[in-house]
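Given below, in the form of structure tokens, are the structures.
Look for chain A in each of the two complexes below; its partner is chain B in the first and chain C in the second.
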Partner chain A sequence: MGLFTEAFVASLVLGAVVAGVPLLLGGLGEQLSEKAGVLNIGLEGMMLIGAYAGFVLAYETGSAASGFLAGAAGGMAVAALMAVLCVRLGLNQIVIGIALTLGAEGITALLHNVRFATTYPRLDAPETLAIPVLSRIPVVGPALFDRPAIVYLAVLLVGIMIYVYRCTYLGIALQAAGDRPAALDAAGVDVVGTRTVAVLCTGLFAGLAGAFMSIVASGVFVPFMTHGNGFIGIVLAMLARGRPLRVLGGALLFGVCLSLTTALQVAGVDVPTDVIQMLPFATVMLVLVVAGRRASLPPALGSSYERGAR
Partner chain B sequence: MVGSSVSGATAREAVVSLRGVTKRFPGVVANDRVSIDFRPGEVHVLLGENGAGKSTLVAMLAGLQRPDEGGIVVGGEPIDISSPRKALDLGIGTVFQHSMLVPSLSLVDNFILGGPWWKRPDRAGAAERMRARAESIGVRLDPFALAGSLSLGERQQAEIVRALMRGNRCLILDEATAMLTPRDAEQLGALMCRLAAGGLAVVFITHKLDEAIAWGDRISVLRRGRNVASLGPEDLKAGDVAAVTAGLVRTMFGADAADGTRGPEGRRRATPAGPVVLAAGDLAIDDDAVPVSGVGFTIRAGEILGIAGIDGNGQKQLAEALAGQRPIRAGSLTLNGRPIDRAGVGERRALGLRYVTDDRLGEGTVGPFSVATNLVLKQIGEAPFWRKGVEQPAAIADHARRRVGAFDVRTPGVGTPVARLSGGNIQKVLLARELTGTAEAVVFAKPTYGLDVRNTHATRGRIREAAEAGCAVLLISTDIGELLELADRIAVMSRGRIVGTVDNDADARRRIGELMSGTTQ
Partner chain C sequence: MNVERTTRSAAWARAALFALGPVAVALLAGALLLLAMGVDPLAYYGYVAGRGLLSPSGLQATLTRMGPLLLIAASLIVAFRAGIWNLGGDGQFLLAAVSAAAAAPALAAHAPVWLVLPACLVLGAAVAALWSLLPALLRAFQGINEIITTLMMTFLGVSLANVLIKLVFRDPATTVPQTRTLPVADRLPRLFDTTVSSGLLIGLVAVVAVHLVMTRTAFGLKLRTVGANPGAALHAGLPVPMLTVVVFGISAALAGLAGAVDVLGTQGNVRADWNPAYSLTVVPLVFLARFNGFGTIAFVFLFSVLSIGGESAARRLGVPGYFSLVIVAILLVVLGLAEYLDQRRQRKGED
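After this line comes the complex of A and B, so read on.
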């Protein structure tokens, strides 16, 4: 019982939020592009570019908001490349995705080395937005309701995506693009255009996720700092299929796993960190075994669309 | 039901016309100067075999393909149907052979698919309009049912309703009855006639003769990409069903005298009295689409048994089962008296059974491999081409050069990838491989399908030679002329069964036609 001290719970919740937001943003983005039939293995790369671009601009301007804009733009730039190669030219999505991730890792590590290798600058913690009343809940209040605006935005995005999928023509078109693109084409909607929009939005979300990691979560940029978060995002999207709420749930679950490391250290439990750092990935495998067998993916996922081809 | 709506309609202007439309794909002319008028108030049937060019015509009308030559006239004006949306805007609605409903969406979502993305869809209103439109043509549907949960017939009705809701002038139904139960097909036919009576131009694509005659006000027959015959309401109403059927069979399968490339018809020679080589008894083969059952035959040495029938009636399943590529569920199969129904592909080949597939590039050869390698594809690891597991390139190339010479394969060299050759030469490679060595029995599946006149002639020569050399030959073909030219006896397959076998005599053509159209049962 001694484990669940106030400090432990508070740091666990805070850590879960900080670690969960990138997963949530990345997962929602991946879900969007998978819905439209594009398997985006380059999510990790988009996040990493977003993290670097966001960090640089936040560092130069001193404004977290402009950092987030730059991160989103960086993610979208990688996504634009993916859209051209995979959606327009119909190249293999898996190969291109891997190439984009590896390329992003190389470029960000190089740029970081050139500019910041000797200085290792650190950003100030971004301003938080305290929600009246709720932020004064004891123990978990500050961890949940006194966070930077981007955190609330990420949660709001869940609602927005639900609305888009359920209540708009765009949602119907996205679903058709992943399920039976020929039907969408026959209905007079541009399949390539629809998928391009989806991939660009994925880049935007992933870029924001990366920027969150560098600007909010750590305040520094370190090469390879996304640390497999993009890949966990892909898993989340696959498990959640079309449901944004499930992405939220999954992001929180994995966020808790990731933050256990710090929380256990705060609580003074002596477990090798290597073991604890394995936790999220062990959870991924466990969840895949339990829930993954029933996760059906869009039939046209991963294959490019060409009119008239059979 | 026949022509219930045609009275006085013949004078009407065509809503959609094809004018000398030609469409080429690499190596094939899919449509060759096709001109057809589609008039309102008529069910116009496009009749033809697989590969006759029906689907390409549909694709051009639906805006999925564009003609290389010629044009399409809609409402009196020449129009370039550049996209599916354009086709819909012109009032040309298409129900494709493969369902164009998104299975994971409800019917109403499928119907409103394609609305402006920034708007909020009005599902309730759309569902109401759907119900009303469906009712007006006597169809019932639940707008909020998931498309994937409906039966094929229900999905098709939904697609017809959808096509009509876009304010249609012309409704195209591509192979609409292919996957329907007889009852659903019957309902569809009645629906088509009702729609035509309402002033719509209905275009119905099929390869089934009985449907064409039952529901068509006008029939255009396509063969090898050409419009070879057109029957108007006057022809269809005047003649009796049997006469019209016979005429259509002739034009569809190209056994007419106009085709001068064929040899003499009739019995090839006296039926050889050699020993029975290949015998099948009561074969049953599982298949989701066309299960085969009760197929039996015997073929003597030197004899050619033809299998006639409209494509997709179990011929492919039978051929694969004979070759060992598909399990035989029940029945017996013997080669020279030896049961081989449990033997594998390699074992059957070693015993002298050969299979010349119609899927030349898919399963017959490996496209990127050289001609030489493809010629020994079924002898990998065997001497003299392999010794102690090591490939002997000199022996393989030597063998290939001799085969290429003997079978007149036109190739730049034996090292050329086989996919770069023309269809006719790929077929020669296949023949060279299968007919070399000690063949006892050969199964040919549509051996001249898609070949030009010269290669067709050469291939038929090989089939005849194989028989003369003492092989038992099973010749599966959809070309009646070919069967009449080559076979000693002809069995007709329909819905996975052999419905009759006739000797190839002067009366054979008529009796095959009857068996194929089912008028003798």
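After this line comes the complex of A and C, so read on.
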């Protein structure tokens, strides 16, 4: 049991939270879009713009909160573009999604190059919000309950999404927009409007996820820093099949795997980073092979809705 | 007959307009971006064209770059036309590259070059095809969405390639982890008296062959039917699961061939953490050409000029190579819009 020292467990839990929150936010966002029938391959791009916008504002104003607002706005701006092109005009969602990701990668790298390439400024660690009592649990308390407020917000969002999907009119409309848009239209609800709301919220979540990566997780902006996290978010959403709690579980699982490297180094075990990095993906493939059920994605996923079209 | 000729030439003119119009708009938008960055767009484009197209060494580098890109394009055309979203090209590419890079120097010591190179190309293709087997089977027999599985396998493949380089095939003579370097004399032959790798020929042959198979043969028709309407294909008695596995195999083998060609023709070895991520950049090009092989060749050429020219412009004018990503992104959006406007115009004509 020499491996499971306090330092190891603490750094594992902390790492899982830091790596898991962007995945949770991104996954919840993607889930919302997919529910409404929009496959959002541009998630990575929305996260990256959120990361850059968040970093710039947090750097300029010195306030992490305004950074998060800017990140959310940045993600929503990309999402607005996606909503116009894919939901209003009905262009191919996969093509536009890839275009948005490539464009966001290029633009943020260029902007970073113009402004920060020589200085590489670093942000101060954001203020944390300690939850009374809980944060004093030995070993894992500080890692779980003495975090920036955004972490609690992300977890709270899981509950909010469950409530929205189960108990609200909007949740039913979202579900119908993905399952049978024509029926929703016949019921007098605006399909395009419903999907637009979904895509914009996805942008908001993804922007927050990106801002979390630059403001909280690393404190710097580096080109291409989202590093496939958006794509993992897409996978989480697809595996979770519409259940927000499963996104939370998946994000934690991936987070633990991603943070295992640092934690093992703390414990003095030298395992190649690349082997550890394979763990979460290998886990997903294993789950798919073993569980092997037919993925129940919304029937209208990926196709645009046009009234009266056959 | 005269009428037929006019409509045909009109169709060609329309196709050309549709291909070139978005390119012009994208370059224009790129020019505005350059202006915003304080760079003279004319100087930049001039420099890119000069370095990527007009100088002999630049043109040769551009043509060499085209080889692997064309093979990736061929890989994507097969998959996309058959309705399969193989987004795992990067993992397939890298694993094939690493296997070819590991095998070639080892074999070159014992066998003649004309035997080693084809063997390594086949090895790369086979490794990549094998890497796609799991997503293929899951899609064919469990109906699991291949976008998830191929992306997962690509992340896995990139890490596995690094593990192989660092732990298994590492060249003990170098400090940086990389595979043993294939001597220049043992690489893929160059074309005539130029520095252009014969990978270009392999790429061109692959794209044209894929185009012809998909559009002119019964096999291609079967695959396109599966892509257009899997339900109908099943109803028509086509062995859909079998065809799905075959498409994955061909698509991945071509992506693997791209990796092997890049290593055996240009790179000579694979360094740890090397990942050119060609696959995701070629996806838009294939879409721009609407899965047409010849159109793809044109767009791949254009992109190669931009990226080779852009790489030297990055050093000279201080505009990073990321700029070409932005151009491709704008190009995609503009093309999508052009297509939308055209459809709306046609529908108005029908009413």
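Please note the rule applied: the second predicted complex is superposed on the first by the 302 of 310 C-alpha atoms of A that agree within 3 Å, B and C clash if a C-alpha of one lies under 4 Å from a C-alpha of the other, contacts with A are read in each partner's own complex, and residues count from 1 in each chain.
In the analysis below, a contact is a pair of C-beta atoms (placed from the backbone, for glycine too) under 8 Å apart; a residue touches a chain by one contact, two chains touch by 3 or more.
Please read all numbers here as calculations on a predicted model, not as lab measurements.
With both structures placed on the common chain, the touch criterion links A:Gln277 to chain C but leaves chain B unconnected. In the superposition on chain A, contact is made by A:Leu184 with chain B only, not with chain C.
When the two complexes are overlaid on their common chain A, residue A:Gly106 makes contact with chain C while staying clear of chain B. Counting the residues of chain A touched by each of chain B and chain C gives the higher count for C. Of the two partner chains, chain B is the only one that A:Ile172 touches; chain C does not reach it.
Touch criterion met: A:Arg307 reaches chain B, while chain C stays clear of it. Common to the chain B and chain C contact sets on chain A is no residue at all. Contacts from chain A toward chain C in the complex involve residues 85, 89-92, 94-96, 98-103, 105-107, 109-110, 113-114, 223, 228, 231-232, 234-235, 238-239, 272, 274-275, 277-278, 281-282, 284-285, 288-289, 292-295, 297. Per the touch definition, chain B reaches chain A in the complex via residues 59, 62, 64-65, 83-85, 88, 94, 96, 98, 100-105, 109-110, 112-121.
Chain A makes touch with chain B in their complex at residues 167-170, 172-173, 175-176, 179-180, 182-189, 298, 307-308. Interface of chain C with chain A (complex): residues 33, 37, 85, 134, 138, 142-145, 147-149, 151-153, 155-156, 159-160, 162-163, 166-167, 280-281, 283-284, 287, 319-320, 322-330, 332-333, 336-337, 339-340.
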